[in-house]
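Sharing a structure, written as structure tokens. Questions coming.
Each chain carries a letter (A, B, C, D, E and F) given by its place in the written order, and its residues are counted from 1.
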Amino acid sequence: MTREHRYTHGLEVLERIDGEAGRRVVDTLADTSPELGHQIVAWAFGDMYARPELAPRERQLVTLGILTALGGCEIELDVHINAALNVGLSPMEISEALLHSAVYCGMPRAINATLVAKKVFGERGLLPLTNVS
Amino acid sequence: MTREHRYTHGLEVLERIDGEAGRRVVDTLADTSPELGHQIVAWAFGDMYARPELAPRERQLVTLGILTALGGCEIELDVHINAALNVGLSPMEISEALLHSAVYCGMPRAINATLVAKKVFGERGLLPLTNVS
Amino acid sequence: MTREHRYTHGLEVLERIDGEAGRRVVDTLADTSPELGHQIVAWAFGDMYARPELAPRERQLVTLGILTALGGCEIELDVHINAALNVGLSPMEISEALLHSAVYCGMPRAINATLVAKKVFGERGLLPLTNVS
Amino acid sequence: MTREHRYTHGLEVLERIDGEAGRRVVDTLADTSPELGHQIVAWAFGDMYARPELAPRERQLVTLGILTALGGCEIELDVHINAALNVGLSPMEISEALLHSAVYCGMPRAINATLVAKKVFGERGLLPLTNVS
Amino acid sequence: MTREHRYTHGLEVLERIDGEAGRRVVDTLADTSPELGHQIVAWAFGDMYARPELAPRERQLVTLGILTALGGCEIELDVHINAALNVGLSPMEISEALLHSAVYCGMPRAINATLVAKKVFGERGLLPLTNVS
Amino acid sequence: MTREHRYTHGLEVLERIDGEAGRRVVDTLADTSPELGHQIVAWAFGDMYARPELAPRERQLVTLGILTALGGCEIELDVHINAALNVGLSPMEISEALLHSAVYCGMPRAINATLVAKKVFGERGLLPLTNVS
């Protein structure tokens, strides 16, 4: 498999999961670190994300947990909350995952991630959430 | 004690400590994660903050240390530097607590937190600090 | 609902999810911070974990992501990798979730979490994993 | 003020606050990084900790918050929980400060710090805590 | 060496390494925490950075690794990517150091740091990078 | 280039940089997450570390900065302090890089990393460091 093939395969995965938003990050990196863009596409999506051992929906739950815990990842949370919706998590499930994170990484990280969810949900016309307790 | 009572009690604590700023965070969360708002009020303030084992002034010193160390918590630092002033810490004491944090979590975290303090102190007409060495 | 009822309810959830390991952490805290033990049981498990909006299996995926990203949580990862097995995640799925985390929080955090999984899987006679690619 | 004077002054502060434990850390570093030992003594204690703008008791509350939030600082928490006792915080206040941290940096960090407190309190014959709610 | 001498010496180092940007941070802190500004100048630059045991170019590589890993340090990364250019690292080397960091602290931190590099390189007319693979 | 070729190439890089210690980590992961071992070898070393844009010595300076800042990476610091020696950094330079990190991520992280360096230097008969100021 050539470097080219790995990239093409990864790009197909990236676009299926992240949609336009993931592609935009890679394009933004092109003049400063094309290799970082390549590794996001070919390795992170093509080699890692595409593995069948976990469903995309489950990968997104792990990813939301990580990005919330790390902090300072608002840009990436934006992409990955969009991705979570794309792969079938409901707004309520995403909101609940971020609420759950408060137990393990504290209220500030949970609040910050939920504010990103508010932005993404708003952009996609999903607010207010209904049926949330 | 009902869920309602716990909320009402927590809200009274929240408003005494954080003033308008804490309430605004909870309101902002209402359409995306009302339960996160509930837990901030009922649990974080009503159950935890209200405990008499530490004075509010001492809780704020611990909180400032945590938020500075975590990084990426500018929104929460804004609320909690206001809260620190509300519960009786002087601007000079807050500034000193953030300076002290440089020893334990490094200059960048201390600088970032001090820039939030500069914003809050400025909004409250407290700059320049006097009697600082 | 009294403080007592919230504790009793939480303990039932804790024991169903974490088994003996979670109870052991609470018991260890009893002479130093009984209130921390109470909050883990009554709040973290009784109020938060028990919510039906996410299945336990999904909560554990978020939790594994958070604990891996935080680092320095080997004790808690031990409890929560056991919990992940208890609620129906297979060793292969857990291993894959930790592999996935390498993309988002780097190799060292993924390695450290996988070393805890190795310990837990070994104790439960689940090694070597089969059918892993 | 010579480098020598700054060191001598810092050592006096270090020994008053941290007792034997702080000195032991500096001694351990002597064959690998004597300059790190020097900076801990002359800068962290002599220049920073000794400033009168916050009382030692208040500095320790900030420090406990930071070390709990950082994670992976069990060695330093051991020294600083001892220091907290040395400067007049009661075991109950220390335990409460660590409980309070659960709100802002999550249960795992609070548990880990409380386990260090349990060790220190045990070594100093302070367990079980009495009058804790 | 007086406090004054240490400051003057540090300021000379700061201006050689960080140029105008470092001085601007110190000036911004002047009304809120002049002592933090003093410590950045006199200690961080005068005492620590000026030590001859590592070349400035090598110190900047360590610093870029730390700031990337910490996250939430965009302000400081801006100053230190400028500093890295000032002490002789090429844009390509800086970009590669941030790419390298993806292995150890994950893609999101590497992306965030690279976006700061894109801003700094753009301001200095260095984009697009040439000869990057 | 097949998966097999990428692995073989990466293993050659890993062994040149990390020596026996890196191989041992991969072997330890074999029964729990062989794919994580594969990615460390084929991707982290074969694809990323092997790139010529930075010298190994410079990559290790970035890596030491990251691992020190992350905290809780004692296992990986052990491997990478050995690697730093293998690629030509002197004990004094390593010690200085960790001292430098105190400015940016605080004393506790710098102390913890230096304690790992003390262990590695001791095992390789390099203590006490001479010519350190």
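Here, a contact is a pair of C-beta atoms (placed from the backbone, for glycine too) under 8 Å apart; a residue touches a chain by one contact, two chains touch by 3 or more.
Please read all numbers here as calculations on a predicted model, not as lab measurements.
Q: Could you quickly compare A-E and B-C and let me know which has more C-beta contacts?
A: A-E
Q: Specify, for the interface formed by the sequence copies chain B and chain F, whether it is same or different in terms of residue numbers shared by both sides, with half as the dividing line.
A: same
Q: Which chain lies the greatest distance away from chain C when centres are computed from Cα atoms alone?
A: Farthest from chain C by mean C-alpha position: E.
Q: CA centre of chain C versus CA centre of chain F: separation in Å?
A: Comparing mean C-alpha positions, chain F is 29 Å from chain C.
Q: As a quick test, compute the distance in whole Å between the mean CA positions of chain B and chain D.
A: 23
Q: Mind pulling the residue numbers of chain F that touch at least two other chains?
A: 35, 39, 43-44, 48, 51, 66-67, 70-72, 76, 95-96, 99, 102-109, 132-133 - these are the residues of chain F that touch more than one other chain.
Q: Under the touch definition given earlier, write down the residues of chain A that touch chain C in their complex.
A: Residue positions touching the partner: 43-44, 48-49, 51, 53-54, 58-59, 61-70, 76, 92-93, 95-97, 99-105, 132-133.
Q: Any idea which chain D residues touch chain E in the complex?
A: Checking each residue of chain D against chain E gives 1-3, 35, 39, 43, 47-48, 51.
Q: Any idea which chain D residues touch chain C in the complex?
A: Interface residues on chain D, with respect to chain C: 71-72, 95-96, 98-99, 102, 106-112, 114-115, 117-118, 121, 127-129, 132-133.
Q: Using the touch definition up top, name the residues of chain A that touch chain E in the complex.
A: Residue list for chain A touching chain E: 25, 28-36, 39-40, 44, 66-67, 70-73, 75-76.
Q: For chain F, which residues count as touching chain B in their complex?
A: Spelled out, the residues of chain F in touch with chain B are 102-109.
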